[in-house]
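Next come two complexes, and both contain subunit A; in the first it sits with subunit B, in the second with subunit C.
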Partner chain A sequence: MKTALGDLELRQPRTLDEALAMLRDDGPLLPLAGCTDVYVQLEFGVMPARRFMDVSRLRELRGIERMDGGGLRIGAGATYTEIVRAPLVAQRLPMLVAASREVGGVQIQNRGTLGGNVANASPAGDSLPVLAAADAVVVLRSAADGERRVPFTAFHTGYRASVLRPDELIVAFEIPPVEGEQWFRKVGTRAAQAISKVVFAGVKGGPRPRIAIGSVAPTVVRAFRTEEALASGASIEEAQQVFGEEIRPIDDIRSTAEYRRRVAANLLRRWWVGQ
Partner chain B sequence: MPQPAVAADDPSPSIPPTPAVGRSVPRKDAAEKVSGEAKYVDDLTLPGMLWGRTVRSTVPRARIKAVRLCFDTAGFTVVDHTDIPGRNVVALIEEDQPFLAAGEVRHIAEPILLLAHEDRDTLMAAKVEIDYEILPPVLDMLASTEALKRLSIDKGDLEAGFAEADLVLEGEYRTGSQEHVYIETNGMIAVPEPDGGITLMGSLQCPYYVHKAIKPLMDLPGDRVRIVQAETGGGFGGKEEYPSLIAGHAALLARKSGRPVKIVYDRGEDMWATTKRHPAIVRHRTGVTRDGRLTAMEVDVVMDGGAYVTLSPVVLSRGCIHAAGAYRCDHVRITGRAMRTDTPPNGAFRGFGAPQTLFAVEAHMDRIAEALGMDPVELRERNALRPGDTTATGQEMQEDCAALDVLREAVERTDFHRKREEYRGTGRGIGLSLFFHGSGFTGSGEVRLASRAALEATETGVRILVGSSEIGQGTRTMHAQIVADAMGLPYEQVETALPDTAKVPDSGPTVASRTCMVVGKILQNCAAEMISRLGGLTPMEYARRHGPLVVSQDYVPPGDVKWDDDTYKGEAYAHYGWGCNVAEVEIDPDTFEARCTAFTAVEDVGKAIHPVLVRGQIEGGSAQGIGWALNERVVLVEGAMANATLTNYTIPTTLDTPPMDIVIMERPGKHGPHGAKGVGEMPIDGPAPAVVNAIRHAGLDVREIPATPEVLMAAAPSEEAACASS
Partner chain C sequence: MRFELNGQEVEVDAHPMRRLLDVLRVECGLTGTKEGCGEGECGACTVLVDGEPVCSCLVPFAQAGGTSVVTIEGLGGKHPLQRAFGDHGGAQCGICTPGMILAAVALGPNPTLEQVRVGLAGNLCRCTGYEAIYRSVLGAYEAVDDRRPAAEAPAVGGGSKADGGAAFGTGADGGRSDVAGAGRSRSNGSGADAGAGSAGKAGL
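Moving on to the complex of A and B:
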């Protein structure tokens, strides 16, 4: 049942410091960026929070910049539309552009943010495999401890769970240079406005292959063992075998474990072997 | 489009108005809808109005042991079955469905208790606990032993037919449920009247169905129950019988509180609790000669009716009558049964049983062609009904029987045979379906309905008085076109009264592709009657001199339409529309997703009164059919829809909908206005079998819909073979 809106409280800090101070002194407050996940949870009455803080106007969370050494820094508040339009991302992380283009529809891309996708911690989040395969680093900040950096693959700890503390915000994602050819494939429930049944990101042709896959386990899976197998010359069939051991798909209302397993194996082949 | 100006008081306009029929004139409802001025039920607020809410069962079958209100009841109106002044049954075909469960629940989401409060949040937060004594539910139609309806259709001598056959092919075909996803959810406002009567305003297709249901519930005479249709955002059959239930609930709350009460479902409740398309299992056993002549067709149809009878008997009946497809065959037996299960009642949905059985026969025809090594077009050409042939019920086809015409046109314009060759082994496929759809109520249904329509001469022109509803399909526009031409008036001078049972006659429900053919015809007769009464004056002159004039006419059954309800023999429908769909698909070898990449629909509607609206019906029905074929899956868990959200019940987006080539054919029928035969439902009959036949052509033997990627994967021979096709 829909959450009664009359009971909700909204705070609107103007700066990042003000926001972090609010979280410390006046929490719990749930950050709101594009609201595209939060609204759905309110509509379905599954959002426990009643007190919110709008972070969408914090300039410190915006922006897409190059870093020294060829890396890329994407503000947590960057929207999919901003990502799709940024030449820098197209150059350095084209698989993130591909993923962003397949999120929801245009309206969702205009509002939804990368930080929201990651903080929401759904294993079906479309940007997650990309950030995992890109060895991204999550930059977190709190009033108490300042900034800390967490490797993306260590950020999510379980189904809809992460290391993000209630007094922290995600500030940005830092992405070191990605060498090799990037590949992204979303398998949704329909052609648009779809939740992923399997979502795959891969990099090959660089120093080592990198593979990440979503919607097949409680968190996005970085398939290190499959990468190793392929790096050490295993056949695709052997790699598919290892890959199958690294994922833990389930049956749900959108698909079956068997389907996810078989499609994951097929995508691995398609990415690695090509046509 | 500019009309020749006719001064209202010019006794003899020298230029007769341009005929409106056959032209895509501006819709009567366009300006209001586009500007947002049109008022839907949720836009209406009345002084003192309360919000209503329905408390529903969360188990499929149980005795109710206790109901506890766990909230401060101050300011609340609470209604249960003991508050019903009249009879606790939704009057429809049978009287088995209660408005509010009395002691026992027979499906998930069954209404038990009603609450009303002036603050919506307070209302929603009110907690009600119900103790149940759980009973074992029957959730599977094949496990059910309770038939809501059985019927059989017999023609010729089945055994003799099989004896003539060189080949006998059997098959079982399954179709899933389907949710209507009208853009506006169900909603209703009840207003208690000072005289003890009740007025209901809501989103609905059939004001007189609601009227019929509310009288016994409230124990009121007909003249104290008034039903007004608010602007309605789509129906697809989902607002045919269901609105009676929500109207009853609003009425009970309004009566007890003495205040207006509004109930509007949110999408989740609408999907979880209201009717859907009947799932069906259809078995075919068919005899055929080596050269492709059908010698015997044995068809068994099972449908899941859900917990109460509602419209299942007539859905089953239409399904069975269409079950042998658009083909001639001398020896046919069709048996059907609608089974009771402890699931929410299934109900009317565009096509009304025919899409299920036409899917089966059309998928089966392609398997027969395959078994014979014959081209599927040739097999259909050989057997398609022609004028003079008879259907399974023995109905003789008239000159307007266009099965071969639509088939040939579709085959030619799609370059079907070339593509059939070219796509072989490429992961692409092309398939077709041939189908027909009977317009109007089945059998003697129209005679029993005895519809009436009326016309009123006013100072500005004429006003149409019908109970037919505009639900987005264009009723108001289409009726005004027919009346304008019949009266010789410009289209602009014809208006339509709001469907309001206090003001318009009962012209029958707005369902069954009957609103143009049947009600349009009665309106034409009204116009003729009015002209004869005007004594040479225009309606405007007449109204000014003598005051308003209202003429009405009743349905006149066509003389050559005879039907026997007991034997299922005779003219099942006054007319049939004919259609052929061609679908092209591409199957992703990695993900087993079938994408419909091109779609052609050639459909004979008798006469396209308004070509743009007809095209809209065909495009929309085709898209809805493609969704049903590939993606729309109602996931039932323990008798409840587990994916009752638009996120997880996935109707096609524009990106899932192929470009469409639509061809409107006109083979006029004798009985409808200008030869019109109906178009509302037919477009959803053909897409699913065309898509599945295209999938078969691409190499996958699929016999059920929705043909989701998971289903296609199961049909794929093996992991290696599936990958090798890329």
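Moving on to the complex of A and C:
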């Protein structure tokens, strides 16, 4: 590991309240959940933080529960493996199961958490389009202000930036009932262990179509205008045109902007008209 | 800090953010666990924590406290998978082998090819081209039936949190690894206790 251990400090709160008090009184402390992002940064020596707090044992962050009215509440500390194994998620949010199955390999799925994926705020996070298309709500908590709820589509504010404050933790995600047929596709170099080049989640057949796409802009994009176009009867070609205006892909080591545009347009067509 | 290592309660003193991989190899002297990439990509460092495969290069030691950890040494060299990797040429240079075997252990006995492909997707191998590895895993339990009386085979983990880790503690060889035994045989890189000497005899 490129980062010297001697410089690192780890706090280990036993309850959520204790953790939030530590963040308020003794911050800054960077939360550690499954460590599948943080330890990679430590390994490369590119992690600026030196003081950490283990949140992996906080029971208040765990659990997957049904909410009144058909919704779903998933704790920020739920791992991909827990999500894949939860019959409740398979019933209510199958596109999240599909996304979780394609994150890393089994080893990463056993540790990596939904909260970590969202807080990490990479535009390539595989769960992000799913939560955006599902109109999820992010439940945040701090010692100062208690709980606040932020619509998922307002959570990320830019490349690796979000509204999460240093004294806050993500506690859970609340997902209202999703009407319609859910669809998820990840396009990468290979299915397992590859970071997405483009990742797409869609819902159709409900009251209105919903579309979210990752890796094609600094944050995940909820394509409201494309949804609008499709809802008002636009042809797929017209919708693809609008979709192209809503995304802002770039060239990077994994792919080119042009490739991502083509793939995004193709995914839209495949999802909407079927092959 | 206390945790269970290969079926035995141990107490180990190390920085809470030290990688579990380093604690196992250095503090515990169990060098069967390999480091490939150090960033979660290759799976060479795979161990079982409470029965589930994880990359020990991404686990802070603090998170192992109170858990049950199984390394390749915990299989005692006699697990059907260890034998099968030797018999079917599943181990060549051996760096990926301990991780492959532990990821395969978590699948439980007689997995399907599809389960093996998914279960081992987080383990990379630069030598075998994978086919020999799939053959080894699929052949492992047949070998038990064909050639060895069932009673001889050590207990096999069921792959679920409830029974995976615990099964080793009570298995025939569960308590064998001694934490201080840095120089113990077979722990210095030769084909992961899988019998590298016979690797390749199946003819690839």
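Just so we're on the same page, the second predicted complex is superposed on the first by the 274 of 275 C-alpha atoms of A that agree within 3 Å, B and C clash if a C-alpha of one lies under 4 Å from a C-alpha of the other, contacts with A are read in each partner's own complex, and residues count from 1 in each chain.
Note that a contact is a pair of C-beta atoms (placed from the backbone, for glycine too) under 8 Å apart; a residue touches a chain by one contact, two chains touch by 3 or more.
Since the model is a prediction, treat every value here as computed from it, not as a measurement.
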Touching partner for A:Tyr259 - first (subunit B), second (subunit C), both, neither: first
Touching partner for A:Asp54 - first (subunit B), second (subunit C), both, neither: second
Partner chain(s) touched by A:Phe44 [first = subunit B, second = subunit C, both, neither]: both
Touched partner set for A:Leu5, first subunit B, second subunit C, both or neither: both
First (subunit B), second (subunit C), both or neither touched by A:Ile108: second
Subunit B and subunit C footprints on subunit A, overlapping residues: 1, 5-6, 40, 44, 105, 191-193
Touching residues on subunit C, where the partner in the complex is subunit A: 15-19, 22, 38-41, 43, 46, 49, 52-55, 57-60, 62-63, 103, 106, 118-123
Subunit A residues touching subunit C - in the complex, by the definition given at the top: 1, 5-6, 8, 10, 12, 32, 34-36, 39-40, 43-44, 52, 54, 56-57, 81, 104-108, 110-111, 191-193
Footprint of subunit B on subunit A - complex, ascending: 1-2, 4-7, 40, 44, 105, 187, 189-195, 197-198, 253-256, 258-259, 262-263, 265-267, 269-270, 275
Contacting residues of subunit B [partner subunit A, same complex]: 121, 124-125, 266, 268, 589-593, 595, 631, 635, 637, 642-643, 645, 647-648, 650, 652-656, 709-710, 713, 719, 722-723, 726
